[in-house]
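Scrolling down, you'll hit the structures one after another.
Below are two complexes that have subunit A in common, paired first with subunit B and then with subunit C.
After this line comes the complex of A and B, so read on.
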């Protein structure tokens, strides 16, 4: 029996905030390491040359002007959802309901296009679409917010469940409005009249979406950073008791912020249905409500940083879908690579926030 | 007419993956880890089992019962254990955000399942996009011998494969351990207030690792059951669907009690297939509304339990938060 206990091999302490370049340096190492692992896994699982795979990854994302526009559009929508979730996350309200909020926003938009598409002038129609999408998204977020504010209901689980209610609602209306009957899908809405389609601005039909989201990024940045609302959100997120002591009405802030969050998700649905796809399916949100959580978190809720994190994730999913076509692999290969990269980035945060002290020999 | 004798076995068969998933998630959440990676873990568990039995079926002509069952089960457990270790390493050791890690695991796991499923399908070179492991299925779906003889009674109670009974046994054990043993008490202490538990000398890291990994392994079995028994040994990509999320819903619905989950999962399973039994005429759309029910009931339970604010019905207090000893 040894009575003397040894000091542990290492122990962990919290770091002070690192300067931004050190933080990005650590993240960069994480990303580079993940690339190495991805390359090895690609080689082992598929027997392909990783350099070849990497070049087709880049080609898949930036290869042709059309691919670049699609990339831009995908980044814009994902960024829009991430921006929508940001105010809620800052408040430590885990809004995992982005998926459902996008879907009901898109559904409201599609409903306007189908039901009143030929009854009102196009400009008014688009306005009505916008308003109803935003309202629908906000309403979908309002319910969990009210319950959180009133009874402190667990918002993570509530918003998660709302997603599936939204999906089923869309599935229901898909069958109600299906064209042709029995096909199980709506198809392109107003293909002949183009009623309710967002007009093409600039060089590509995706350009308007990108512009709108860029403007939104700046607005959210200012809102979070310089407005009184943004300050209140930050205080509530840090400590509800402090906020209450400072005279901030916590319930009101929660509800207001979630209305904003849901409204912007609804806007993303509007852009998807009115601007890009001109149809609605249950998969139109495509997991963006969840991916956006990671986008926002990777950028530490900084709207400008989110441009880069969403670009990174979209780059991979677009590039990976090119790989799967080029090398006739399964489409899900991209998800595996994305997952690995995320694990590394998530892990690298540890080295930003904590420091390891080894035992002095 | 509403055919109850055929409805109940189908509802139960539908409920078993949910029961596995929710039992696994319940014990994970009881130790304070909100593992949103469960849907991904169930995919990984299922595909690992499929890979194992696929190669076993390919390698021999005459299969034996023991390896035919043991190989997929062990592969499934190993696959889900690895995912559990990954999740625990990221959230417990590296203290990464649990929601983000869980979602990343789900992305990875679903992709992993579909990728290897797709690769195996390509390997068999079949026309249909699925793998049929009918010989393995025969072992998994073998029901109790007297099921056929006892009429409707046997059909309702004895007509399931062994994994179904295992699910119920695991749920009962989990519920007993959580509620009536010292280990369970300490586990709940870790989930409620890790700092207090730490001060009492409980090894937080060990508890969190072991529970999360166990939870993942149990959930993985749910995926295995789905492929090998429910789907008659046929793997097709994305067939498992959103059952993982439904399992998480079930955890809330049962207010973190695995024994209630046995009946509740059957209720969910019933709600899931109810539309098949309700005469809706030609109107297919109504069935989509019925599919909404499990989620709506869950929301109602979640809201009501938070309104009543009874202490024993609340989520574990430190759910979703990581523990760092030197935090104040």
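After this line comes the complex of A and C, so read on.
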């Protein structure tokens, strides 16, 4: 009797491209909903006023001029790594080796500061540091790129494993250069002479880093959008066969693009070691090689969009520190809130691309 | 309906928040004066190392009734400088950091804020840096280690008397972190304490290359046990070594706090530094407008070096009483931990040693530390600098 198949409760269809205001409307709803969920979780789990927690979050990121500069510096470094990954990702070459490329870049920079810090004039030293960082980062990406171009090896695994080699290399040199003996720490390099420290430009120590990365953002935007190289990258990403048919040398494009990608990661290492930390540790990259993947994806590989996506992630991580200090909450609580908000932001992309039809009762 | 629920929830939230806000505002009025201190911690309360500092900080500040703020999970990099400057911006009069790698960044901040006091535990540079507002602190933890070693030596004697082991088999195992002076000073004082009770005791040391690595510490302890060590102690901070001992039924002397809850059958005793006396001393001095020395060294007398309760189930009979006697002798100066008559280096008794007290990249020995028949540990700076390899201790690996 009941052989009539029931229509499912809902089904999903692909939408046509929505106009920009509809897309942003959906994203706005997603963000607002995430705030509501965060507020409920905050109340239930901590008994704190969500509005106070939220304002503390904002204070942690923008509360004082110093906090703003720190925010800017963190955004700059994260953005630099995301910009580095973008050309490779556009080519569908999944460079997950950012972490290692930053580390060897930083290591090369630290090596110059330690070994020739007192032997050459400062301007020349900084130039040598820059060149060696960029070269080290590029070399770290070159190896997986050559293997991909020649033998089509899996770049995801290869670049990932290069991270661990990079970490161990830094760990080794940390023991070689440690001060005092046995401490496992190099400490600030040239603390008394400041040799190899990037000069302070403008109002803050972090201003120069921010300027450099802003310039880089524009350059990468132009490179990807208007240059012949950028076009070749896009074609190889779409289809290697099409690229070959069009006369593009795929192997050459892969290697060239990865050299760029690694070089820019090396630059991030240079900015971290020469510009701010003035030391090298195995944790100096701080997971940025992976966080930058998210920054790039959230902005759909648009360099200008990445300014905002990196700002979003850094905003939450700086805010989370403030929450843990102000309310004696564990740092993880801030991470939980960040996770919820990201979940909704990424989730809203689903509703931009698909439509849900409910069963008509 | 959904909207209604949401709006009700939001209202409740706001109401709770407003109440909470008023309560905290009242509490703030109790704070004495406008003196404020800040603390920078490497990890949070989940790390035994940092928990020990957080407890000390909270205890001292509550006792003095002053406003304080604790920043946790601050890495040993520029983040530490940023955190210190932010605390100074927020009006802190004194700022304390807890991890060795914070030192250089605290010095950078101290140069920038000459009117704020910066104090750093475990660091080595205050006495050479020449900054009035930068200070180091440590405690004579080697005395605590020595006492814990006495308890260990008594346990070995008990095992020999039982017939469980022979005199030659009285081998101790030690899980260290790095071949750093603090670690060397720690295991040597522990060993000297044990050998003062059990003259045939020897020791093997392995290093993990990390201050906190539960797996490596567990593996290290297991390796030592398989190598014939009949008693284990450790410098590294995790539960790795204690739990390996409990599983193997080998007695363990732990560090930084009691591990009796997880190891009821094997835990003997643990030594640790109590930071509250130092924090109280330094903050009180700053509040009175006085400065403190470049280095502060806490001791048994100041209450900075403490032993946990001794576990009767694992310790030898009479341990509590005997440890008290030795403690009194250490306090009175009747015995010295690093008495040069108690140890030899390559078969020779030492009469002179230049230690690397002033930190430099060449590790140059710069200060004569042996006089009056003993090695003067933690007197020329607060952080330990005893880095001699004494006879009777075998290092299994020195890669770190």
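Note that the second predicted complex is superposed on the first by the 345 of 361 C-alpha atoms of A that agree within 3 Å, B and C clash if a C-alpha of one lies under 4 Å from a C-alpha of the other, contacts with A are read in each partner's own complex, and residues count from 1 in each chain.
Simple rule for what comes next: contacts are C-beta pairs under 8 Å (C-beta built on N, C-alpha and C of every residue); 3 or more make two chains touch, one makes a residue touch a chain.
In this text, all values refer to a predicted model and were calculated from it rather than measured experimentally.
Once the two complexes are overlaid on the shared chain, A:142 sits clear of subunit B and of subunit C alike.
Contacts of A:41 after superposition on the shared chain: neither subunit B nor subunit C is touched. When the two complexes are overlaid, the chain among subunit B and subunit C that reaches more residues of subunit A is B. In the superposed model, A:96 makes contact with subunit B only, not with subunit C. Once the two complexes are laid over each other on the shared chain, residue contacts for A:338 go to subunit B alone; subunit C is not touched. By the touch criterion defined above, A:26 lies against neither subunit B nor subunit C after alignment on the C-alpha atoms of chain A.
Once the two complexes are overlaid on the shared chain, A:175 sits against subunit B and subunit C alike. Once the two complexes are overlaid on the shared chain, A:131 sits clear of subunit B and of subunit C alike. Look at A:18: by the touch rule set out above, it reaches neither subunit B nor subunit C.
When both complexes are overlaid on chain A, the residue A:160 reaches subunit B alone and has no touch with subunit C. Put simply, subunit A uses residues 171, 175, 330-331 to touch subunit B in one complex and subunit C in the other. The residues of subunit C lying in touch with subunit A in their complex are 6, 9-10, 12-14, 16-18, 20-21, 44-46, 69-73, 75-78, 82, 85-86, 89, 100-101, 103-105, 107-108, 124, 178-181, 183-184, 209, 356, 359-361, 363, 387, 399-400. Those residues of subunit A whose C-beta lies close enough to touch subunit B in the complex are 12-14, 94, 96, 147, 151-154, 156-158, 160-165, 167-169, 171-176, 287, 290-291, 293-294, 297, 329-336, 338-340, 342-343, 346-347, 349-350, 353-354. Subunit A meets subunit C in the complex at residues 36, 39-40, 43, 47-52, 64, 66-67, 70, 171, 175, 177, 179-185, 187-188, 191, 276-277, 279, 281, 283-284, 286, 321, 324-325, 328, 330-331. Within the complex, the subunit B residues that touch subunit A are 34, 36, 86, 90, 94-97, 99-101, 103-115, 117-119, 122, 237, 242, 245-246, 248-249, 252, 284-286, 288-289, 291-292, 295-296, 298-299, 302-303, 306-307, 309, 315, 319-320, 324, 326-327.
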